[in-house]
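Here the structure comes first, spelled out in structure tokens, and everything after it is commentary.
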Amino acid sequence: MTSARHLPSARRTRHGAVLGVLVALAALVLSACGSGSGAGTAAAGGGGGKSTTLKWASSFFPTHWDPVVGGSGAQFRILALPYAALTKTDAKGNAVPDLAESWSYNSAGDEVTFHLRPKLTFSDGTPVNAAAVKNAIDRAKSQKNSALFGDLTSIKSVSTAGDLDVVVHLTQVDHQIPLLLGERVLQIASPKAAADPAKLDQNPVGAGPFVVTQLIPGTKVVLKKNPNYWDAKNIHIDNVQLVSAPDKSTVVSGLQTGVYNFADLAPSQAKAAKAAGLDVFVQPGFNASNISLNINKAPFNNPKVVDAVRYATNSQEFVDKLTFGYGKPTNQPFPSGYVAYDPKSANLYPYDPAKAKQLLEQAGIKPGQIKLDLVIMADDPAAEIVQSQLAAVGITVTIKIDKTWATPFFAKDLTLSLYGTTGRDSAVQTLTAHFGPNGPLNLSSPYEPDGFEAAIAKVRQTPLDAPDYPQVLQAATRAGLQSKALVFTYSSPNLFAKNKSISALPANPAHIDWTGVTIGD
Amino acid sequence: MSTDGRPVLEVADLEVHYGLRRRRRRVLHGVSLSVSRGETVGVIGETGSGKSTFARAVLGLVRASGGRILIDGEDVSRYSSRQWRALRRRGVVQYVFQDPLRSLDPDLPVEESLIEPLLVQGVGRKEAIERGRGYLARVRLDSELFGRLPGELSGGQRQRVAVARALITEPALIILDEPVSALDSANRVGILEILKELRDAGVALIFISHDLGSVAGVADRVAVLYQGEFVEVGATHAVINTPQHPYARLLVGSAPTLRSAAASRAERDALRALLHA
Amino acid sequence: MVRRVLALPTGRLAVGVLSVIALLAILGPTLAPHNPLGTSALTLTGPSWKHWLGTDYLGRDVFSRLLAGSRTSVLGSVEVALIALAVGVVPGILSVYLGRGFEWFTLRIADTLLALPFLIYAVAVTALLGNGIPQAMFTVGVLVSPLFYRVTRAATLAVARSQYVEAALISGASIGWIARRHVWGKVLPPVAVALAQTIGVGFVVVSSLSFLGIGVQPPAPTWGGLLASDLGYLSYQPWAPIVPALLIMATVWGSNLLADAIRDVSGEAGRALLNSRRARARRLNPAEPIPAGGAAR
Amino acid sequence: MTRTLPDGTVTAAVPAARPADPPALDPPAAQAAALAVRDVRIRDDVNDREIVHGVSFELRPGRAVGIVGESGSGKTLTCRAILGILPAHFAVSGGSIEIVGRDIAELTTPQWTDLRGSTISAVFQDPASYLNPSIKVGAQIAEVIGVKTGLRRRAARRRALELLTAVHLRDPELVYDQYTFELSGGMLQRILIATAIAADPQVLIADEATTALDVTVQAEILDLLADLRERRGLALVVVSHDLAVVAQVCDEVLVMREGEVVEHGSTADVLYHPRHEYTRLLIAEHEQYGLDRYLAGEQRKELDSVH
Amino acid sequence: MAVSTADHAVVADPGVALAAARARRGAGRVLVTLARSVAIFVPVFLVATFLTFALRSLSGLSPAHIQLGESATPDAVARIEHQWGLDRPFLAQYWTWFTNILHGQLGTSWTNGANIAELISNGLAVSLSVVVLALIIGVLFGFGLGTLAAVRRTTWIDRAITGFLTVFSVMPPFVVGIVLVTVFAVGLGWLPAAGYVPASVGTWPWFTHILLPALALSLDPMADVARQLRSGLIAAYQENYVTGAIVRGLSPRRIFLRHVLRNGVGPALSVLGWRFPTLIGGSVVTEWIFGLQGFGRFANDSAQAGDVPAVQGVLVVSIVLVVTFNLIVNIVLGRVTPASQRGV
């Protein structure tokens, strides 16, 4: 499941940004005061002068610390602190070695062997070996509350070959596995600790760059550098204090006064953060938001209505009003420029309200005749935009906020909803989640666009480094975009603010990787 | 005026208890009294002696736990609240409170309070007001006070209104609970004069007070209530001049008098010692 | 009563403020110069001739939204007050008459509701029972109802034990008669005070809930909701929260003032106050020091 | 009789002629007076009216003067003027008041504080309200003793217990630790008296001190006051609406009506030779409607014959 | 003459006995207050917990929705609900839950399976720091301002204070919080804008971190206490016992401190008892603004996440806190103004 994060969490979008005010005032004051992290912030509690601490306020504080359970949303970025995976991605989105030194496919392409680095241990001392990896995959496939098994359908079984070699047997030819088994899906926990999943959920034990020393559920986690991490020499941060972020407004003032030095940011706060002298940057990612339609229910069982919605949707308005220039319009589950983005589909359904009205007229529907409930989990300005855009073509939408939104949504009981994905490292996974017959984000299950299945199979069979891989992938995207169940709107940015003393982060898309990052004074 | 023999009120062996079970206290014990038309009976007792309870029992506001109460020959001791309401509506018995300010609704004009008993009886408003004026005159109040609020009247005026209100149903018996204690001399005399007139007109009065002196002028008979019992009942002059019970003697001896102390300090001290023993 | 409230300067002020607010609530939606839900490309603009208070994050006219939202906002807190009134007053009166069992039971319920930290409870109930203004109003209303219960009960008790009620009783008046003639007039002023107070409380609570994202029904505007969302865009429109905040504060303040004024003029003491004010108006001697033991010269 | 006497001249006319009276207005004697009130006038600033139109009397140690009048006659205001506690908008607009020879108009606040309690003190109607409901009554007596005489806690306590005994309270130890709401009106009035005399004042003002009490208790309190006067040489000002109460305790009586003193003289004079109609009314109240009607018929006849 | 020690003992005896009797009377009063409060507390607690527990049934929420997410098939939902015992009769569930509460067990969170009692106690440390400081600030300043206003009543000082307090009390709490952050943290840079540091790290950092939120929270009780105290004191000054004290020759200062304050303080104190729930409630907003991971934040997060056992835990704890606080206020009230306890 998992891959999608419901985009604007209630608190992020809604309230928030009070900062701005502060900032406006503060801008003046600041110029006089110099860097804000002065007097008041006795908080740091820093011991020796040399030790560096990352003070991170996150709006996506993980509810689960067992990677098998807590796989969804943006939380894996945080779980990557204590956990490492077989692979990780580089700046281009390619799989590169993490715990696995290298990997190799058999000639048929239905079996892949990962070669682990030697002499690694989890933070509880358990060795990182083939058995541990097998345990992790098995657990992800079979544990009752696993959030991951839907992502692992290509994996038939796992066997070990010696201490350090893990052989993954596949149900089909699938060259996406090295991307799949990265940080996003398969963070590996100590098998010893995982023997009691409930306990692991409160006390993470992994082989990642940091070790958890204190965890207050839902609130705060304290980590220190893991000296046994395989790449420990490139980790320059000694301590991490991660807390659940406060109201948007105070995030910036917190950063400004040094309570935090790193935080994710609502786009509306970017201006304030910049004015406060913070580094505001966008981390590349695969985010994409959509309007989910259920074609099994009226009125979307009428293709003309679906098309009308497509033409009525103005992506640019979402970008302008929600992202403050940091997002991009997209009509695909990927941002433009990403390898899976299909430029040929870029103008598939251009914004054309007149045409939308015409289509509705053709379908014999009078303006105002269609009345729909747009069910979402938390208040979200995007819903208001959808509402106004559809109203412009004569479809009346009522926004309903429902805490238990997930139940009807995933049971495919809703007619109209919104969703936003943070994307997956494997584009195939993203595509199947949205367009596949059982894709969790396909509100119209078991509907599937024609030719999509074949196009996906072809991608799986194409090695990642094959020259025609992009074309094959884009063809699959094109096939998927025929789906009447989804109208993509915009790509929201992964926006962060940091204190200038923190060096730039590696631009690995959709990940936050601390390798090589330094914190100065 | 005419005393036709049948008493207006007859109380026999009245018992009243307050509280439940272990907290049960006896407030009145075996109290008997009868009051005839045109007769004024003073009930004298100190705070807590049970004199207000006596009045409230007669009015049916407190349930007696024993004994009988006859009003106008009717045994009311077992009356239901419905029966009581019917009886009260007839206005046979009326009551005047000690504090006239609190017994008149401060937010209603005097006339409203005055004619309330008539309205309750179902008398038409116009007629009620007409009759009200008459009774106001009878207590020597100017009818221009009609529209005023109780807060705008003097204490004496208020008490007259209260008396008029009690009179308006032509009751056979009026119970007055300390009607003059809150008044100063001139008003006190005024009220007492009105009471005398009433008595002469044949209304039976029960005049409750802690002060024998204020009762002495109008009461034909006096009943001295002490710790829930009538310790002495008799003609006023007899009780005052030859009190028998030590408490009655103390009472007489304590009343402030102008020219002749009824008892010396030494006598009073002796009586107190006797009572507390 | 109304005339007496108006006799006080604070009463006049309160009535003035509240009338303006009430006028807004009645006429606001029709006065809005723009469609309060109509978005435009001009987002987060400053005040201009066309948009007096600028536009919001979706390019909607803030002034129109404030006007359009006034009815919902005012009705919201009035609703809170009325629910509290309905829930509190009747048991408050009955607790005096229906016997000890009922009295004990309602008293404990009132204690309980008082003991519940109502913002937390309101958050919990509205979040758990569905995110709607009606749920929020209902919860807050029920939670503040002990105020009405107590006030009514106290007033009724005072009346029930008063001699004039006893006097009416002795004249054979029925409970209904007494309630109409004596109880009603005494209970009304404190209830009016409580009502005015509750309107203020309701406003603050409902806007706090909106701030937490609870009970908001987009895109319908409310003052609390506008304030909460304005706080999210402070760097663009630092002045924007001021207007809804002022409206909220004015309403709350007006209600409190009215409550004070009613309290001041009701009953015997109120008459005395008004009389003494009239008397004092004729003389020009100001402050009276507290007689703390100085010689009176 | 001297019915024709104009009201205003009564006060001036009273003193010297009465044999029972001390020679008033005589300077050396005035110095001996514990309290001297001379033509005191009190006005209400709100409606700018004079409420009390000249009250004069003098009080020597061990003597008692009574003031009788209905409510609103100005008797309580006069007392308050003497004590320096007139309500907010009232002020002494004429005349003078001297307490043991000191003109109170010249007293500063600390001097007042010093004077009250130790030289002049007072008790009032409704004693419960004049005691702090939150402090044990004993502690309130001890407080006065501590402040006024400088006695330490234990000594003050002992003295307070003595005082409680002196005002005839049974079981003073128990009473000491009780609060006002646990005590009856009669007991509270005794306690109020005890606090008033705790610092041994020379003058005690009893303003309607027995009005709300049962008759028997009233008698006890009056007896107590008489007792204190005899034993301690306390000078008393007794204020009441009941002429009989005043007559029982006082040597000298002032009858007030609507701010005027309509009658002033020795008690016997006032009782037996009332000059003003109002005084007669007061007497009639008792003779016609009170106990006097029945009591001591012979004595009465005797009196009548005097007339 | 030689007085034997025995004589002393005899002499001392009555005094000792009396002192003991007095102590017993004092203790008795406290006990009566305590018993009375407990008699109120127990039913309140029962009703409140019942109302709280009923929330789950009313809400129709279930752990299954939270845990299963995308794979919430009806079967899976039923399985999870059984696992949590939610298919048992309502009263049976309530009884189990209630007995657990009495043992201090608040159950486990639906969202992350953590022990709720632990989570709450973590948050409580933060919240109580803030709330207690807020109370102290509120009471100190409220008393100061209220007294000043009362003593200088009808002067411009009184009017200024009253006006000032009115503005405070009508400002929505989140506006207050944001203004404070803007001025003191960002503008002046005196205090940190957000976060919490446990006292174990250092008293000063702890204090500076909770000062702003406490200040934000204190305005309401401050205004209330001051207003009540003002009218309480003015009323007390008009009481006869003040006249009595003046006539006894006590100094104005002494009268104020010992007599007026003591009685005037009553309404202010009871208002404080009333205010406590509001204060706890107010921490929801304050903690949200100041980035405090306290009790209120936990309440809000749990409620928003539909984590019913956590919300129930929060409510139970806040009820206990409120009731305990009121108990304390009642006892203090009983000592300061014994008359007020009569017939309560």
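Each chain gets a letter, A, B, C, D and E, in the order it is written, and its residues are counted from 1.
The rule is simple: a residue touches a chain if its C-beta (ideal position, glycine included) is under 8 Å from a C-beta of that chain, and two chains touch if they have at least 3 such contacts.
For clarity, every value in this text was computed on a predicted model and none was experimentally measured.
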item: Of all other chains, the one whose Cα centre sits farthest from subunit B; value: A
item: Chain pair with more C-beta contacts, D-E versus A-E; value: A-E
item: Distance from the mean Cα position of subunit E to that of subunit B, given in whole angstrom; value: 52
item: Intercentroid distance (Cα basis), subunit D paired with subunit A, Å; value: 91
item: Centroid distance [mean C-alpha coordinates] between subunit C and subunit B, Å; value: 48
item: For subunit A paired with subunit B, centre-to-centre distance based on mean C-alpha positions, whole Å; value: 89
item: Sequence positions of subunit E contacting 2 or more other chains; value: 61, 178, 243, 246, 250-252, 288, 304, 306
item: Residue list for subunit D, restricted to those that touch at least two other chains; value: 85, 109, 113
item: Multi-partner residues of subunit A (each touching 2 or more other chains); value: 10-11, 15, 18, 21-23, 25, 249, 378, 403
item: Complex contacts: residues of subunit A adjacent to subunit C; value: 10-11, 13-25, 248-249, 266, 268-269, 271-272, 275, 317, 320-321, 378-381, 383-385, 387-388, 391, 399, 401-403
item: Residues of subunit A defined as touching subunit E within the complex; value: 1-2, 10-11, 15, 18, 21-23, 25-26, 29, 33, 36, 38-43, 45, 57, 63-64, 72, 145, 147, 150, 198, 201-202, 216-220, 243-247, 249-251, 253-254, 256-260, 378, 403-404, 406-407, 410-411, 440
item: Subunit B-facing residues of subunit D, complex; value: 70-71, 184-185, 214-220, 222-223, 226, 241-245, 247-248, 271-272, 281-296, 299-300, 303
item: Residue ranges of subunit E in contact with subunit C within the complex; value: 40, 43-44, 47-48, 51, 55-56, 58-59, 61, 150-151, 153-155, 166-167, 169-175, 178, 234, 237, 242-243, 246, 250-252, 255-256, 274, 277-282, 284-285, 288, 296, 299-300, 303-304, 306, 308, 311, 314-315, 318-319, 322-323, 326
item: Residues of subunit E defined as touching subunit A within the complex; value: 60-61, 65-73, 109, 111-114, 119, 122-123, 178, 181-182, 185-195, 197, 201-202, 204-205, 208-209, 287-293, 298, 301, 304-306
